[in-house]
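Data first, discussion second: the structure below is written as structure tokens.
Chain nomenclature is as follows: A, B and C, assigned in order of appearance, with residue numbering initiated at 1 for each chain independently.
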Amino acid sequence: MTTPPTTFDGRAWRPCLACLAGALGLLAVVAASFAYLSVSWGGLVSGESMRLMGRFVTEFFPPDLSGSFLARTAEASLQTLAVSSIGTLLAALVAMPLALPASGRFGRLGRAASRLLLNVLRSVPELVWATLMVLAAGLGPMAGTLALAVHTAGVLGRLFGETLENLPPTAERALREAGAGPVVAFGYANLPLAAPQWLGYALYRWEMNIRMAAVLGFVGAGGLGQMLYFHLSLFQQAQAMTVLLAMFVLVVGVDAASGWLRQRLAPARS
Amino acid sequence: MAFTLSGCGLVHANGHRALEQVTLAAAQGERLAVIGASGAGKTTLLRVLGASLKPGEGEVELLGSAPWRLAPVPLKRLRARIGTIHQQPPIPLRLRVVTAVLAGRLGQWPLWRAIASLVYPADMAGAQAALAQLGLADRLFDRCDRLSGGQLQRVGIARVLYQQPALMLADEPVSSLDPTLADQTLAALVAASERDGATLVASLHAVDLALKWFPRIVGMRSGRVVFDLPASRVTPQMLSALYASEGGVPPVHGAGQHAHDTVATSPALQPAHL
Amino acid sequence: MTTALASPSSALARDPAWSARVGGFIAFGVVMWPLLAWSEFRPWLLFDLQSLAAMRGFLAGFLPPSTAPDFLALLARSTLETLAMATAGMALAFVLAAPLAFVATRALSISRIGPGPGVWRAIIVRQSARFMLTVLRAVPEVVWALVLVRALGLGPGAGVLALGIAYGGLLGKVYSEILESTDTQPARALLEAGSGRLAALLYGLVPGAAQELASYTVYRWECAVRASVVMGFVGAGGLGQLMDQSMKMLNGGEASAILLTFLALVLLADGISAALRRALA
């Protein structure tokens, strides 16, 4: 004798008014959004524009694989990789001291102030930071590095602080009660406990940042992004395709490296 | 005097009274065991003796100073002279054994030495000597998460041995060890206290071990000191009165909480003449 | 009582972890050196007098934020445009993601019961759907936006399409993961009783997973608002395009006004998202 499936509970089906109202509301909002944008959607899918789109797309293939262009693409890839790596590293170094007040070690005022700073840093998107940094540091990859560092510091600072807050206090308390000072107690008790999680967060952000580093070039921060912007502006789709492929390879490579590093340095306890 | 408690009382934040009118004193170099049923207040007593809990009532004097009247720096120095062995070792598991043991002297080392020791252990020989007293010398460079519960507990003891405090407080230091190892570990603790002239106060759940290793027994029930006698003067009647809440049967190490040996029949529970 | 415990080993060697640590440090340095070179990292340049003066001039222009009425009207319109772009883009993403997730999820596979006939064909179809989702996800939405702006011209249309494509892949992957991680027993029971896959989805999987699916969708909408601003920088309209124009004209007052509006918008979206997720729970 098999038991009946658990989804049927035997009650008569009653229309859920709240759900209905919610669904209608959602549809209304979506429709209003499309309407507000006053894009001529009809014109977009007309035969003429479809043909133009089709031609636009085919111009991407085959990608430009000539030796000299590949060399330039490789150079730009290394630059993008460097920007994402140094940016993430800087961010982690800045986030660690910010995480201490953010976890409440220096009182409520310190916590509120540091959290406010971290929130501002991470709310502003990397691209906006990059635009600002280009003005400060000039065109080129350093602007991208600084932009990533500043934004990611906000993200990592909050994550690091939350890790510290969630640590069990027994280890540090035992050391303090045995006469150790606050710095030393932190280093011997909290740091070893927090370090694996911190490392995991930083490596995860590195994976995110390689995608962002490619994009920051759009506003002049060098690397693959700047190349892509340049060639697309000149409607050189074949070159742009090569750059897009390089971006893809870079992202896959960094994802793999990050996973390997996480395995080696912070393996999950069995 | 190593410590003097006069009329100490403590009520926890949740309203539970943990200590009531506790008066206890010990000379430097004495060894005493604190016994009693679960919830009798043994851990709270040790925490008061370790200057980590301030009693609401009464006076505390540790190693010649009143800890709660000291400025922060002298208090820190006082704490560095008191070593506590916790029931659950408060050691981050990713640390290596050598670092965990060396942490015992963090209260005595200057900042730069403590930081440097994280990079390269400052006194490996000293750490190894401490571990050797507990049979763990060969685990010096292992990570703590590779140790069993009993081994980790012994590393916590090694940390305090390395600290070489003037006052050693042990909260159920052998609860995770089998009877033979428990015996040997207590022997090592007692030997260390004899060698360094340190006062040793241990709370033990197993009465047989307490009677065997400690010349002075303090019995606690419901936060009060019920008796404070030389081990030879502790009678089975006093013990069963002490453990009335656990069925009147004093626990024996290795036999679990509900020992079937009665006080009258078990030879292990006759007070030993040391 | 003798203590028959192990005696210490003879002649302590060095810390065995030391050589590994030194090696790791050296490897770190070897990797860092070229990275620093490639990224042209010269932080001292920030502090040379010329760029400091330029920065100071620019920052001075930030305050006070511009409050000219016609600019404020433009600001309001751009904000609405950004919100509309995010919502429309998410709708498009959902339309793309739902069928792909439906095809890609293993929990709705009839051929796996048994396994029955058509196992290989089903696997190929499922893997192609998964591959499609991966490809859509691999390219950041900003890149899609850049390409589509070249194809469709400036304006939010490119942004909506870019969001739809990139987030479609993202939503599809997460939807199929959610569907596979909830209790798949009810769906499987329905499939074994001969129901079609769509019915099994609606009656078997969705009731259990609905809350998580909706919660993630709302969270992504919040991200879409931020992404819409970013896409504006490459010409997809909204607050981003406005800010890009203001920055290019070095109008610090307008830029700071837009930045403040953006922060307020993010806060608003965050609040709406949290409220909706609480209501759904």
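Quick note on the criterion: a residue touches a chain if its C-beta (ideal position, glycine included) is under 8 Å from a C-beta of that chain, and two chains touch if they have at least 3 such contacts.
What you are looking at is a predicted structure, and each value in this text was computed from that prediction instead of being measured.
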| item | value |
| --- | --- |
| Taking each chain's C-alpha mean as its centre, the one farthest from subunit B | C |
| Contact-richer chain pair [A-B vs A-C] | A-C |
| Central subunit by CA centre of mass proxy | A |
| Gap in Å, rounded to a whole number, between the CA centres of subunit B and subunit A | 50 |
| Approximate Å spacing (C-alpha centroids) for the pair subunit A, subunit C | 7 |
| Footprint of subunit B on subunit A - complex, ascending | 170-171, 173-181, 183-185, 187-189, 192-193, 195-196, 269 |
| Contact set on subunit A toward subunit C in their complex | 5-7, 29-30, 32-34, 36-37, 39, 41, 44, 49, 52-53, 56, 78-79, 81-83, 85-86, 120, 123-128, 131, 135-138, 140-142, 144-145, 211-212, 214-215, 218-219, 222, 228-229, 232-233, 235, 240, 244, 247-248, 251-252 |
| Of subunit C, residues touching subunit A in the complex | 34-43, 45-46, 51, 54-55, 58, 80-81, 83-85, 87-88, 91, 138-140, 142-143, 146-147, 150-152, 155-157, 160, 185-186, 189-190, 193, 203-204, 207, 226, 229-230, 233-234, 240, 243-244, 247, 259, 262-263, 266 |
| List of subunit B residues in touch with subunit C within their complex | 96, 98, 119-121, 124-125, 128-129, 131-138, 141, 183-184, 187-188, 191 |
| Interfacial residue positions of subunit B with respect to subunit A in the complex | 50-52, 76-84, 86, 88, 90-95, 99, 103-104, 106-109, 111, 114-115, 118, 145, 163 |
